[in-house]
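Structure first, then comments.
Think of it as A, B and C in the order they're written, each chain with its own count starting at 1.
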Amino acid sequence: MKSKTEYLTFNIPARMDFLNITPDVEQIVRDSGVQEGLCLVNAMHITASVFINDDEPGLHHDYKKWLEDLAPFDASPQRYHHNRTGEDNADAHMKRQIMGREVVVAITAGKLDFGPWEQIFYGEFDGRRAKRVLVKVIGE
Amino acid sequence: MKSKTEYLTFNIPARMDFLNITPDVEQIVRDSGVQEGLCLVNAMHITASVFINDDEPGLHHDYKKWLEDLAPFDASPQRYHHNRTGEDNADAHMKRQIMGREVVVAITAGKLDFGPWEQIFYGEFDGRRAKRVLVKVIGE
Amino acid sequence: MKSKTEYLTFNIPARMDFLNITPDVEQIVRDSGVQEGLCLVNAMHITASVFINDDEPGLHHDYKKWLEDLAPFDASPQRYHHNRTGEDNADAHMKRQIMGREVVVAITAGKLDFGPWEQIFYGEFDGRRAKRVLVKVIGE
């Protein structure tokens, strides 16, 4: 069994935004030499996501509005008890649960085995600081 | 390490519906010969899900109503920017994030290692056309 | 390839609560002897979750309130068709989809490869009875 572990670092200038990280993950899969296996990609921070969806700016606009409706940002300590600890990011912990922490992608014949529109995104919900994503490849 | 990759194709006649695909996945695991390992099952399309829950029609009714409340279908370009691209399925991209893209199931002693009620479903949110699901088995 | 399978049992006294199970999973990874690989941790019951987030009581309070808003408990058969089967836990099947069934964690140099605040939780949405969590380690 082969394995490869890499850490990617992102510093998103907005509180909430989505970044297509597919090329980074593809490069790590190529470097791993794995032909058949699995590739785990996960946010290492708990106010961020890794998810697979479409690289379409209108959809990303819709996701942001929808997530803000489902879990509104509110820095005050009234709405969210978490924000009584000195944090202001309780909403980000919720948004991340809807979008998910991780994806597991099949590697077939040395490549990420994607459907026609699948792209891997880093989803940031409490940005403006450096955060890491883990990529782990195992297989043969 | 052994591996096996299969693609299943489904054409769901409704816009939204759930199909129990457990027997298909069980057959692929048997064919793989893997005794101990992992089985990834993921939607290859970004308006569909693979998830594990109960095969109970009342619950599926409830899921559809609940998802429609959380992310209503609206083909007009007013509500969803994604639907300004000529698409009408922005809601499906949201429903899929709640239900999830994929499941990873343990294989133990040659079988999917399920709890008492676990069944694997294909979740369609923009149906009436053929879409694929990937099944990847790795292990020994 | 090495593998190890363990089943953890939890009996949560409340209907909804979250339990940090990181030490249990860490012990299983140590016992497995795997240095590089993947660790799957999943709820075996369909009204429970395994998820990764912060071990902060204020946040857990917020999660409970938020999930109750998104999918309210209602034992009556009016709101949820699932509860016409004699069950009263349709809401728990929804809460679990938002929080997720499983996590897959990288194992690097013999340890769970966590970000600074990542902790693994068992999420119970229909408690007061024993339920199981599966931990599967594969790697080398």
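As a working rule, a contact is a pair of C-beta atoms (placed from the backbone, for glycine too) under 8 Å apart; a residue touches a chain by one contact, two chains touch by 3 or more.
Remember, predicted model here, so these are calculated numbers, not experimental data.
Novice: What shortest step count links chain A and chain C in the network of chain contacts?
Specialist: 1
Novice: What rotation angle takes the CA atoms of chain B onto those of chain C? Round to the nearest 5 degrees.
Specialist: That rotation is 120 degrees, given to the nearest 5.
Novice: When chain A meets its copy chain B, do both sides use mostly the same residue numbers (more than half shared) or mostly different ones?
Specialist: Under half shared, hence different.
Novice: List the centre-to-centre spacing of chain A and chain B in whole Å, with centres computed as mean CA coordinates.
Specialist: Chain A and chain B have C-alpha centres separated by 20 Å.
Novice: Quick one: which residues in chain A touch 2 or more of the other chains?
Specialist: Counting only residues that touch two or more other chains, chain A contributes 1, 38, 70, 98, 100, 104, 138.
Novice: Spell out the part of chain C that touches chain B in their complex, as residue ranges.
Specialist: For chain C paired with chain B, touching residues are 1, 3, 5, 38, 40, 42-46, 70-71, 80-85, 90, 93-94, 96-98, 100-102, 104, 132, 134, 136, 138.
Novice: Help me check something: in the complex, which residues belonging to chain A touch chain B?
Specialist: Those in contact with chain B are residues 1, 36-38, 51-54, 56-59, 61-63, 66, 70, 98-100, 103-106, 108, 113-118, 138-140.
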